[in-house]
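I've put the structures underneath this note.
The following pair of complexes shares a single chain, chain A, combined with chain B in the former and chain C in the latter.
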Partner chain A sequence: MTTTTLQALVSDLRRALGPRHVLDTPEDLIAFEYDATIERALPDVAVFPATTEEVAAAVLLARRYGVPVVPRGSGTGLSGGAVPVNGGVMVVLTRMNRIVEIDTLDRVAVVQPGVINLHLQEALAPHGLTWAPDPSSQRVCTVGGNVANNSGGPHTLAHGSTVNHVLALEVVLPDGRIVNLGSRVPDAPGIDLRGLMVGSEGTLGIVTRATLRLVRASESVRTFLAVFDSVEAASEAVSGVIRRGIIPVAMEMLDQEIIRIVEPRIHAGYPLDAGAVLLIEVEGLAEGVAQDAATVEAACLEAGAREVRSAEAKAERDALWEGRKAAIGAIGAAAPAFYLLDGVVPRTRLPAVMKQVMALTAEYGFRCANVFHAGDGNLHPNIMFDPAEPDAERRVLALGEAIMRVCVDAGGSVTGEHGVGLEKRSYMEWVFRPADLDAMTMARDAFGGAGFFNPCKVLPGGHGCATGHAAELAAVMSDPRVYV
Partner chain B sequence: MTNQPTESVRHAMPANTERGPEAYAIDGLTPRLAFAPDSRSEAAMLLRAANAAGLVVAPQGGRTATGFGRPLTEYDVALDLRGIHRVVEYVPDDLTVTVEAGITLAEVQRVLGEHGQYLPMDAPPDDHVTIGGLLATAKTGAWRGHLGSPRDHLLGVEVALPSGELARSGGRVVKNVTGYDLHRLHTGALGAFGVIVEAAFKVSPRPAQTMTLAAPAADQHEAMRVARATWDASLATRALTLLGGAAAAHLGLPARPTVIVEFAGQAAAVERSAREFEGLAGRTETPTADLWRKLRATHGDTATTVARLGVPPSLVADVVASAEGAGGRAWGHLAAGAVIVHGDIGVDALRRLRAMAEERQGFLQLEHAPVDLRREFAPAEPGDGDLVRALRDRFDLKRTINRGRWGSGL
Partner chain C sequence: MTGTAFVGPDTPSAADLANCIHCGFCLPSCPTYLATGQELESPRGRLHLISALHSGRIEATDGVLGHLDQCLQCRACETACPSAVPYGRIMEDARAALMANEPSEQPRTWRWRTFALRHVLARPRRMRALLTLGRLYSRSGLQQAARGPLRRLVPARVRRLESTAPDLRAAPFRRTGTLASPPAANTHVALLLGCVAGEIYPATHEATVRVLDRLGCEVVAPPEQGCCGALHSHAGDADTARALARRNIDAFEQAGVDAVIVNAAGCGAAMKEYGRLLRHDPHWSDRAERFSANVRDVLEFVAARGVPDGLGRIDRTVTLQDACHLAHAQGIREAPRAILRAIPGLELREQVHPDRCCGSAGIYSLVQREMSGQVLAAKMAEIEATGAETVCTANAGCTMQIEAGVRTFGLGADVRHVIELLDEAIRAGGYSSPAGPTGTGPSQAGAR
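Up next is the complex of A and B:
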C-alpha cells in the first residue's frame, strides 16, 4: 500500500470510529505486532471499535482499500494467530468489554468479545455460576479469543472445549454483513454455523457478541497432589483413574524439570525431588466426591505414587493450583528463551510418547520442561534454549517438528488447544489428506474471507504467504519478554 | 433416453448392492433406484454417479426421522447406509470409539457396554437410530441438558461428497483444534454438505448406579417449582422431565402434572439425590423401570404430529400446559428447554406455541407431520440463508443430496 492510500484509509477510519480510536504511528503500532509468540509483523493501522457497527465499518473500509483485516483480543495466542503477517487493519476488540447480560434463571450470559475471561468468572461467581472454559491465561485473554481459538483449559477434561459452551454468536462477515449464528435456546433446527465459527481463528468472521451457556458451580471440590518418581508412573496413574470409570474434572501433570523451576518461586508445595506430580480434581455432590476421591487415591498408589495429598478448602486448593497456573510464566524467568509446543495424543499412548519426547530432547541436547493436560493427552513440552548459542534456533525448530511427528504417528494431532495459526499450517498436511483440506478450503471460501480475513492462518498455502516450516516456525519461538 | 441416468448409476455400482426401491418411499415419493453399499467408498461412488447423472439422492439409516426438514421436492435414488456398520476402532482406556455411520446406536451401546462404557446419548426412539441419522438430525433426548448433545461428544467425521471424494475433519483424540470443525457443520445438516459415513466419539463410563423417581404434583406450578428446585440443587441428575397430565397418563402414571427424574452416578451420590428430591417434592413414587424407554418410544411413534420446541427453561411448564390445553400430550426436559408435543392439536395451536417460543428466541420444529404442515412450519432461515447457500454451492452445487430439505433452491 502506498503512503497516500494508507493516509486515505486512516482518515476514513478516523471518520468512522473517531480519531482517538485509530492508531497509525509505528510507536503506537509496535504493541500490536505480536501475540505470545515472537513473530513480528506490524499492522498498517490498528482500530479500537466500540460497537458492532464500527467493526463492520472498519471491515468495509479495509475491503474497499484492498488490505487484510486481522482481529485481535489480548494477544495471548500461542500459534501466531493474531500476527498481521500481511499488514492491514488490525481490529482490536478490547474496548468492547461489556458484560451485556447475566440471566441466572436460564443460565445464559451475553458478552462483548473483549470481556476478559476472569472478569466474566468474577461476575458469575456470586450467582454460583461459571463459564466452563478456563485457559491458564484467563487473567488476560478475551472471550472473543477463546471463541476464535476454541480454547481449552485444565477443566476441559470434564467440560469440553469452548465450543460446548457457546450458544450463539453475532459475527461481522468479510462482506461487512452482521449475522447471528446459533440460538440462545440450544439445538435450533438449521445449519450449525456457530459450531464452524468457533475455532476458525478469525479467518471466517469477527465475533462481536457471544451468548454463552453457564453451569452451576459444584457443591464439593477436592484437589489432589500425587507425587511420583517418574513421568511414566504418573502417566500410568492417569490411565488407571480412567480405567476405574472416573473422569475427574482435571488431571494435570508437571515433570521434574518444571517442578524445579516453579517450586522455588511459587512455593506450591511440590517436592523438589519428585519425578512428576499430578494435580487431580474431582467435583460434584459431597458423597460422590468422597467415593471418587478414594478411587483416585487407589489408582495413584497402585501406579506407584509415593504420596497423595488432598485439599478441600478453597485456599488450600488454590495453593496447589498456583504452581500449575504460574508454570509457563516461571519458565520465562528461568531460561533465556523457550519454545512451547502443543500436541495431542490418545491418552493411553502418553507413557510411550513422553518417553520419546524425553529421548528426542536429550538427543538434540536441550532441556525440556513439561506441564500439561495429561487427562486429555494434551502435551505441552517447553524446550528451553539460549538464542545466543550457535545454531540453537534451527535445532529447536527441528526438535519441535520431530515431537509433532511423534504425536501424529501416535494417532494424535498437532494442536489440542492453541490453534493452527501461523505456526502449524504446514503440519496440516501431516494430519489431513488433500481431499480433507479441499473441503476445509471450500468452507472457508463460502465465507468470502480468503486472503482478506486473517490471511496465512489455519490452512496451508495462500497467495502472498510465506511457506516452509522454518519460515513459520521461526515465527513462534517464545520470548520470555512476553511473560515478565 | 429417460433410462440413461439411472442406467449410468446402476452401472457404477456392484449389482449386489441394489435393492428394491419400494421400501424407501419418503414424503410420498418413491425413488427409482435404491442401493445399500457395503463400504464408504461405494457410498462415495454412488454419490459421484448420481451427481454426474443429475439424480437426487436421499441418504438414510434406520428411517426413524425421514420427516425432518422440508419435504423432498425430488427423489431418484435411495442410499441405504445400514450396510456400512463396522466398529472401526474402540480403545476403552482412551474412552474413544470410531464407527461407521450405518451402525445403530443400540449396537454401539452394546459394544461399549462390554467395557462398562456408553455413549451418553438417548436419541429417540433408540434401537433403529443409526449413528449417521442421529448426527444428521442432531436428535437429542432426556439426557441432553445434563450430559450434552451429540455435537459435544463428536470428535471427527468422514463424509462422502457428491464429487465422490471422502473428506475428514477432526480426529480421534478427545481434544483437538486442528483445522476447521466441519464435523459440527455436518451435525444437524440433514446431509446438506455430504453424507456422514464415519464418526469418532468421546465415550463415558457407565454410572455405577441409576434411580428413577416420579413426583406427581397438584398442578403445573407445583410441578415447575419441584423441577426448578431439583435443577438448582445440582444433584446427580441425568434426566429431569416435566410431564403434562395427559403424557403422565399415557405412561401409566396418575393423570397429573408430574416431575420425573433420573439420578446417575456413585451410589452414595444417587441416594443423597433421591433423599433431597423426596424432600423437595413431598411425595414420590418409583415408576416402572421402563419409563424412559416408553417415553423415548412414544417419541418415535409417528402416527400423529410430533413437534419439538426449544424454549428457555423457565418457560417449559407454560409450554407443556399450553400444548396439553390444546389437546396434545406434552413433556419438557427442563435443563435443555426442550418440549415435545404429540398429537394433532391443529394448526392454530401449533402457531400459538410457535409464537410463544419465538417471543423468547426459541423455536418450534415439526419432527413428524403431514407434508403441508411441514411446509408451513419449516424453519424460515436455516442459519444465515446466504452463507448456507454459499456453502451448499461449494459442497453440492447440483443439490444432489436431499434436494429441497432446506427450502427451495437448497
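Up next is the complex of A and C:
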C-alpha cells in the first residue's frame, strides 16, 4: 500500500470511528505486532471499535482500500493467530467489553467479544453458574478469542471445548454485512454456521456478540495432587482412572522439569523431588464426588503414586491450580527463550509418546518442560533454548517438527487447543488429505475471506503467504528483536 | 532509526527485558489497562516500547513518553507476572537512561518535573516553607470555608484541585534525636521522618513512636537524614536519588541501630533498593547493601516481633488498602492484616481487589490528573462496597489520595495508617508510655 493510500484509509477510519480510536504511528503500532508467540508483524493501522456497526464500517473501508483485516482480543494467542503477517487493518476488540445480559433461569449469557473470560466467570459466580471454557490464560484472554480458537482448558475433558458452549453469534462478514448465526434456544434449524464460525480464527468473520450456554457450578469439588516417580507412572494412572469409568473434570500433568521451575516461584505445593504430578479434579453432587474420589485415589495408588493429597479447602485448591495456570509463564524466568508446542494424541498412547518426546529432546540436546492436559492426551512440551547459541533456532524448529510428527504418527493431531494460526498451518497437510483441505478452503472462500480476513492463517498456502513452517519461523527468529 | 534512546549506567539490562514472554498475564492487573483496554497502556505494551527504545527501533517521541508517563509504577504487574519480570526497575532504569541524555535530548515534558523534585522535594527547608503556606491556608479557616459554606463561589476546576489538598491544621512532627527510650530497651531502631509525611500526617509518626516504645524499642531519629529519593528514582532522576541515598546511609549508619523503621511504604521500598541504586559505586555499594538489609516497614517489624498483649477494643469496621509498594514491591501483605485482626472488636472487610492502586503513585496524582481520577473512582467504588467506617493505609501518599476520594465521593469514612489503629488499641487497653517524648526540637505530641 502506498503512503498516500494509507493516509486516505486512516482519515476515513478516523471519520468512521473517531480520531482517538485509530492508531497509525509506527511507535504505537509496535504494541500490536505480537501475541504470546514469537511471531511478529506490524499492522498498517489499528482501530478500536465500540460497536458492531463500527466493526462493519472498518471492514468495509479495508475492503474498499484492498487491505487485510485481522481481529485481536487480549493478544494472548499461542499460534500467531492475531499477528498481521500481511499488515492491514487490525481490529482490536478490547473496548467491546460489556456483559450485555445474564439470564440465570435460561442459563444464557450475552457478551461482547472483548469481555475477559475471568470477568465473565466472576459475574456468574454469585449466581452459581459458570461458562465452561477455562483456558490457562483465562484471567486475560477474551471470549472473542476463545470463540475464534475454539479454546479448551483443563475442564474441557468433561465439558468439551468452546464450540459446545456457544449458542449463537453475531458476526460481521467480509462483505460488511452483520449476520446472526445459531439461536438462543438449542438446535437452530438450518446449516450450523455457528459451529463453522467457532474455531475459524477470524478467517470467516469477526464475532461482535456471543450468546453463551452456561452450566451450573458444581455442588461439590475435590482436587487431588497425585505424586509419581515418573511421567510413565503418571500416564498409566490417567488411563487407569478412565478405565474405571470415571471422567474427572480435569487431569493435568506436570513433569519434574516444570515442577522445579514453577514451585519455587508460585509455591503451589508440588514436591520438588517428584518425577511427575497429576492434578485431578472431580466434581458433582456430594455423594458422587466422594465415590469418584475414592476410585481416583485407588487408581493412582495402583499406578504407583507415592502420595495422593486431597485439597478440599478453596485456598489449597486455588494454590494447586495457580501453579498449573502460571506454569508456562514461569518458564520465561528459567530460560532465555522457549518454544511451546501443542499436540494431541489418543490418551492410551500417552506413555509411549512421552517417552519418544523425551528421547527426541535429549537427542537434539535441549531441555524440555512438560505441562499438559493429560486427560485428553493434549501435550505441551516446552523446549527451552538460548537463541544466542549458534544454530539453536534451526534445531529447535526441527525438534518441534519431529515432535509434531510423533503426535500425528500416533494417530493424533498438530494442535489440541491453541489453534492453527500461523505456526501450525503447514502441518495441516500431515493431518488432512488434499480433498479435506480443499473442503475447508471452499468454505472459507464462500464467505469471501480469502486473502482478506486474517490471511495466511489456518490453511496452508495462499497468495502472498510464505510457505513451509520452518522457513516462516526462521525468518522471524533471525530478527533478534523478537526475543526482547 | 538512530540507535538506542538510552544512555548511561542505568540503561535497562537486556536480560531483564528478555524475561518478558509476552503472555499478557499482567494486563488485567494493570489499573491503566483496566481503565483503557489499550495495549499501549499495559505493562506488556510498555515493556515492548522500552525494548524498542533500547534497540533503537523507535525514538523517544512525545507519544512514547506519554505511554511511559501513564504508568503508575504500582508494580501490580510484578505480582501477576509468572515470568518474574522486574518491571519496576526496568521502568525506573528506562526513565533514568532517557534523562541521562544531553539536556537538549532529554524529554522536554520531564524537565520541569525533575526541577521540582530536585529543588523542592529534596530540600527540606523549601519543602517546609511551601507546606507552611498550606498550613496557614488550612488554619485560617479558608480551607474549611472553601469546602463548606463558600463551596459554590469556588470555580469547579479550582474546587477539584483544592479537594485533593490535605488538611494541614495539625502541628508537624519535627522532632529528632531520641524519640523514645523505654526502661528495659532491648532493641535500638531509627525512624525515617521523610520529606512530607511528618508535615502532613504527624499523627502517624507519633503513633509509630508510641508503638515501638511499647515493644521495648529505643527510637532515634538522626537529624542528618533526609528525603528517601523514591520519587526521584521513579521519575528517572537517578543521580539525585543516589545523592539522597548516600546522605541517608551516612546518617543512619552513625546511629548504629538494629533496624531502620519506615512507616511509608513507598519510602521503605526505595530504601530496600539502595543496594541496587548504588551498585555501580565502588565506595558505596557494600554499605548500601548492608543498609538496605536493615530497612523494615513498621508493620513488618511489629508483626515479626509480635503484636503486644492487652489491646483495648475498637468497635469499628475497617477496610485495608494495600499500599502498592508494600504489597507488590516489598511483598508484605499479611503483616497489616495480622495487626488489624489482633485488635478486639475491629472487623476487617476486604475489598475485591485490596491491592489495586488508588491512583496516588507519588506525584502521579498531580501530573496525570485524568487517569489518576479514573483509577481513584474505581478504587472508591470498591471501598464503598465494603461499607467500612475506616480505610486503613500504609503510605502517606495513599492516605492523601483516599482522603481526597472520600471527600469527592462523599463517603464519610476516615483514613488512617494501620499503625495509628494499633496505637489506639494499645492506649484503649490502658497502656501509657512511661517514657514520653524526649526528643529535641519543637515538640508537638498529641493524638488526633
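The criterion applied here is as follows: the second predicted complex is superposed on the first by the 472 of 484 C-alpha atoms of A that agree within 3 Å, B and C clash if a C-alpha of one lies under 4 Å from a C-alpha of the other, contacts with A are read in each partner's own complex, and residues count from 1 in each chain.
Note that a residue touches a chain if its C-beta (ideal position, glycine included) is under 8 Å from a C-beta of that chain, and two chains touch if they have at least 3 such contacts.
Predicted model only: the values in this text are computed from it and were never measured.
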In the superposition on chain A, see if there is space for chain B and chain C together, and answer fit or clash.
fit
Partner with the higher number of touched chain A residues, chain C or chain B
B
First (chain B), second (chain C), both or neither touched by A:Ser230
neither
Regarding the shared-chain residue A:Lys424, is it in contact with chain B (first), chain C (second), both, or neither?
first
Rounded to whole Å, the nearest C-alpha atoms of chain B and chain C in the superposition sit apart by 21
Once bound in the complex, which stretches of chain B touch chain A?
68-69, 91, 93-96, 116, 138, 140, 144, 148-149, 151-152, 159, 161, 165-169, 171-182, 184-185, 187-189, 192, 194, 204-206, 208, 232, 234-236, 265-269, 271-273, 310-314, 336-338, 357, 360-363, 365, 379, 381-384, 386-388, 390-391, 393-395, 406
Under the definition above, what is the set of chain C residues touching chain A in their complex?
14, 17-25, 27-28, 37-40, 44-45, 48-49, 51-52, 54-55, 57-59, 61, 63-64, 81-85
For chain A, which residues are in contact with chain C within the complex?
23, 25-28, 30-32, 34-37, 48, 74-76, 92, 94-95, 97, 114, 116, 118-119, 137, 139-141, 265-266, 326-333, 336-338, 480-481, 483-484
Quick check on the complex: what are the chain A residues that touch chain B?
103, 105-108, 149-150, 152, 156, 160-161, 163-164, 173, 177, 179-181, 183-193, 195-196, 198-200, 216, 218-219, 239, 242-243, 245-247, 284-288, 290-292, 344-348, 373, 376-378, 411-420, 424, 428, 431-433, 435-440, 442-448, 458-459
